[in-house]
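Think of it as A, B and C in the order they're written, each chain with its own count starting at 1.
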Amino acid sequence: MADARPSQLFRNKSAKIAAIPMIVTALFVFVGGTAWTIVYSFTKSGLLPRLKWVGLDQYERLWSTKRWIVSIENLMIYGLSMLVLVFVIGFILAALIDQKIRFENTIRTVILYPYALSFVVTGLVWQWILNPEFGIESIVRSWGWESFAFDPLYNADIAIFGVLIAGLWQGSGLVMVLMLAGLRGIDQEVWKAARVDGIPAWKTYIFIVIPMMRPVFITTLVLVVTGIVKIYDLIVAQTGGGPGISTEVPAKYVYDMMFQANNLGQGFAASTMMLLTVALVVIPWAFLEFGGSKKRG
Amino acid sequence: MVDITSSQLSGPQGPKPRKALSRRNILLYGTLFVVTVYYALPLYVMIVTSLKGMPEIRLGNIFSPPVEVTFEPWVKAWAQACTGLTCDGLSTGFWNSVRITIPSVILSIVIASVNGYALANWKFKGADAFFTILIFGAFIPYQVMLYPIVIMLREIGLYGSLTGLVIVHTIFGMPILTLLFRNYFTSLPEELFKAARVDGAGFWGIYFRIMVPMSLPIFTVAMILQVTGIWNDFLFGVVYTRPESYPMTVSLNNIVNSTQGVKEYNVNMAATIITGLVPLTIYFVSGKLFVRGIAAGAVKG
Amino acid sequence: MNRISKLLSVTAIVAASSASATELEVMHWWTSGGEAAAVKEFADAFNGTGNTWVDAAIAGGEAARAVMVSRLTGGDPMGAFQFNHGRQAEELIEAGLLRDITDIAEAEGWKDIVNPPSLLDACTVDGRIYCAPVNIHSWQWIWLSHKAYDDAGIPVPSNWTEFVAAAPALTEAGKLPLALGQQGWQQRGLFNVLFAALVSNDVFLSVYRDKDAEVAAGAEVAAIFGAASDARAMAAGSTVQNWNDATNLVITGQAGGQVMGDWAQGEFAVAEQVAGEDYSCLPGLGMTELLSTGGDAFYFPVLNDDAEKAAQAELAALMLKPATQVAFNLKKGSLPVRGDIDLSTANDCMQKGLELLSSGALLPDTAMLNTPDTADQISTLFVEFFSDPTITAEDAQAQFVKIIENAE
């Protein structure tokens, strides 16, 4: 493919000029901002960023804080469940909708609308729905099933899954639409050939269609994972981190430290740990995925 | 064996007419019905709540339809709710939101599409490194970047201006959009690009005469992502501009997020639905393009 | 006489300088109906002086603080902003971002009129005054539902001890004894109220002001953790999160009572409940009748423009004038910062508060004693404590002692 690309210097100049915004953003904002954050994580910055060095104090405090540890565990549990479920649900819904069903437009819009609404209030609605006093539990009980219990937000052991219910509600629509689009892009000939060969539908999906959808999976993966790492609004609106600290997450720890506890240094230390982890995973992966040989497919 | 084959023939994508009440259809529509209820339930709760008076809401029966339907909360949310001194509800910030959203969406899409094009077709040495950093940037919790960006904007003299805010939206939209466009352009048939090169078209010539006309669907996708994100943004709008250009979400936040005042849940629900109407309209209007765009783009990549 | 002439001279200066209308951007987080009406009193009074109040309202302290710090760091400060006085603003003052308004305070004689004086102390750093206190909010109230106790067939308690003793009867009647929102600030607030009401002031001050870890580990504080543990048991069935949802349980008689600040009376008022008939309010939980005096204050960033500076001075002076104080606080549901004005139109609960104010049964607010960082750590502790009955009072106290030890 290399010969397809223009090799002369002046042609690449246009590309370089076009890429200036990207380069500036990458260097100044993302690299610069990250460096700035790391530098100030070694300081005792409170309400204002100030260069009062305290060495590793912020990190010592961070790792001896139970809330931070719980936050990381929660992110792991939530992240893995969310990642698996949002892809499975998104894909299955897309496959169902792809069956030439009636009311496709309506159903698709209903599944996608949560993405458009601000979570400040929809989180509150989920709080109500999952509340045992006036939510689903009380309704089912009023139908006569007296022992029915469904109060995930009020049981510290499973509260994070209560958040997951709302997270899936909000996020799976977008995944569904991306997957649906991916499915629509598959050549009809593939299905015909599979049928002729007598391959069952589920096998066709898993072994033929999904591998063909690799790029859409990559785009969706990046969208979903960035959403998981940065999860904040959902938690604040729905549980505020509770009951207790059972649904705390790292981004909320960072934000609370920065703007509520007026302890910027601690917030920066926490975000440095987050970014370091992300960098260790994402940078090698992105380089392998997007670097190397060009023009896949 | 024959049975299996024939059942497959009537499977997905099958053109055969089927009986309306086949087991498969009951299962299919049954599942879709349950799914739709799950997705629509919160919206139902929001709508019935927004049509009730506060005394009825205090009874705490969230699923029951309103005994006495009132549209007052909607009127209040749009035109009367006080946020501080002004009592114009959401209507105050509406035009500001439009003024922020339109240039931000356009600028971020223009820049990201050109970037994606350069990365896909005119890759230069080092481009991958910058793109990797950009993808890494997508993971940074944006709250962490608030103050560094304040300092950067101050240094270039754009702090507090609408231009500054537009730039911030462009920066934070860049990683995902660039990925989207890069994947799309990579998937376009190479022959087109080669033929244009032979005809002597340059970087911009190919971009404007071949890439853009062929990519309208992906531009729609990008627009939907950006309109949703920027329209619903609250923090950037409030941190990087001044009160005269605060977006609608500031009013929304003021209506729903007051901690120590009396909470009017009906007005909160109405305000949220009203604010969501703009992105919802965009989904509705461009729904078909949305699907085709991604299909044509990411999939064939 | 002296004071009056001083006042007159300031008015003269101010009048001279405000010949041309100056726009002043004022940032605050008062966005609910009642709060907005209260702000309007300030704005109208300010506009009446020929200047223009440019309103910047942002709900939620977290977002508002982020904006304020950004504006100050970004070199584009607003004209004035609301902050909780106390330790939050210390850094801004150290960094030289806030205007020293001592001259205005002296000319207006704030030292003589601000009651309690601790409010002005909270605005003072190294002998200089940096903020204008505008109101007093107090936390030490318990709100009791008459309906809940009538339904259970027992008299409405008149103090915390009776309240605890009445809990089993309420539970039997299917009521929740204590409504408590599941949010850190509410749970921390409950503990601090118990702390203020159940033991002597000395203990409270030596722990929170002097950061005496030994006292924090002592028997008296242990008794408060015991009471907190009682509260935890009484609130075990409380599933609501927002404070006003908890208040609603009291209004509808589903819960016996709630410990919450004086802003809760706004909810009772909206639900058309009458103090003394439908609900009772007990300051200091009926144990030690006292109030802490937190509240809001306005700070003024350093500006260069002379006209804006003059407008700032005018606004600061105006906020403490008797007429503005009365108008503002009646709407806000808070108490005025000066003891020399008539508030006979205030309701029963507010009157009780006013009496305590004039009698001097007061404590400084925890926000003036603790840094936000310490407050946040205490919140996290109580959020865990109240949600997890396996944490014993002793364990919690041990953690509390650690926080106090490390506090600044």
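Heads up, the rule we're going with is that a contact is a pair of C-beta atoms (placed from the backbone, for glycine too) under 8 Å apart; a residue touches a chain by one contact, two chains touch by 3 or more.
This is a predicted model, so every value here is computed, not measured.
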* To do: Take each protein chain as a node, join two nodes whenever their chains touch, and name the resulting shape: line, ring, star, complete or other.
  => complete
* Does A-C or B-C have more contacting C-beta pairs? -> B-C
* In angstrom, rounded to a whole number, how far apart do the mean CA points of subunit A and subunit B lie? -> 15
* To do: Report, in whole Å, the distance between the mean C-alpha point of subunit B and the mean C-alpha point of subunit C.
  => 39
* Structure fact -> Where subunit B touches two or more other chains simultaneously, the residues are 143, 147, 151, 234, 253, 256-257
* Find every residue in subunit A that makes contact with two or more other chains and list them. => 49, 133, 255, 258-259
* So which bits of subunit C are touching at least two other chains? -> 61, 63, 66, 69, 73
* Could you pull out which subunit B residues touch subunit C in their complex? => 54, 58-59, 82-87, 143, 146-147, 150-151, 153-154, 159-160, 234-235, 238-240, 242-244, 246, 250, 253-264
* To do: Note which residues of subunit B are touching subunit A in the complex, please.
  => 1, 4-5, 8-9, 11-13, 28-29, 31-32, 35-36, 38-43, 45-46, 49, 60-63, 111, 114-115, 117-124, 127-145, 147-149, 151-152, 170-171, 174, 176, 178-180, 182-183, 186-187, 190, 193-194, 197, 202-204, 228, 232, 234, 249, 252-253, 256-257, 265, 268-269, 271-273, 275-276, 279-280, 283-284, 287, 290-296, 298-301
* Structure fact -> Per the touch rule, the subunit C residues reaching subunit B in their complex are 25, 27-37, 39-40, 43, 53-61, 63, 66-67, 69-71, 73-76, 242-244, 248, 251-252, 261, 263, 266-267, 270-271
* Residues of subunit A touching subunit B in the complex -> 1, 4-6, 11-12, 14-16, 18-19, 21-23, 25-34, 36-37, 49, 93, 95-101, 105, 107-118, 120-122, 124-126, 128-129, 133-135, 139, 169, 173, 177-178, 180-182, 184-186, 188, 191, 195, 198-201, 212-213, 215-216, 218-219, 222-223, 225-226, 229-230, 232, 251, 254-255, 258-259, 264, 267-268, 271, 274-275, 278-279, 282-283, 286-287, 290-291, 294-297
* How about subunit A: which of its residues touch subunit C in the complex? -> 46-50, 66-67, 127, 131-133, 151, 154, 156, 239-246, 255-263, 266
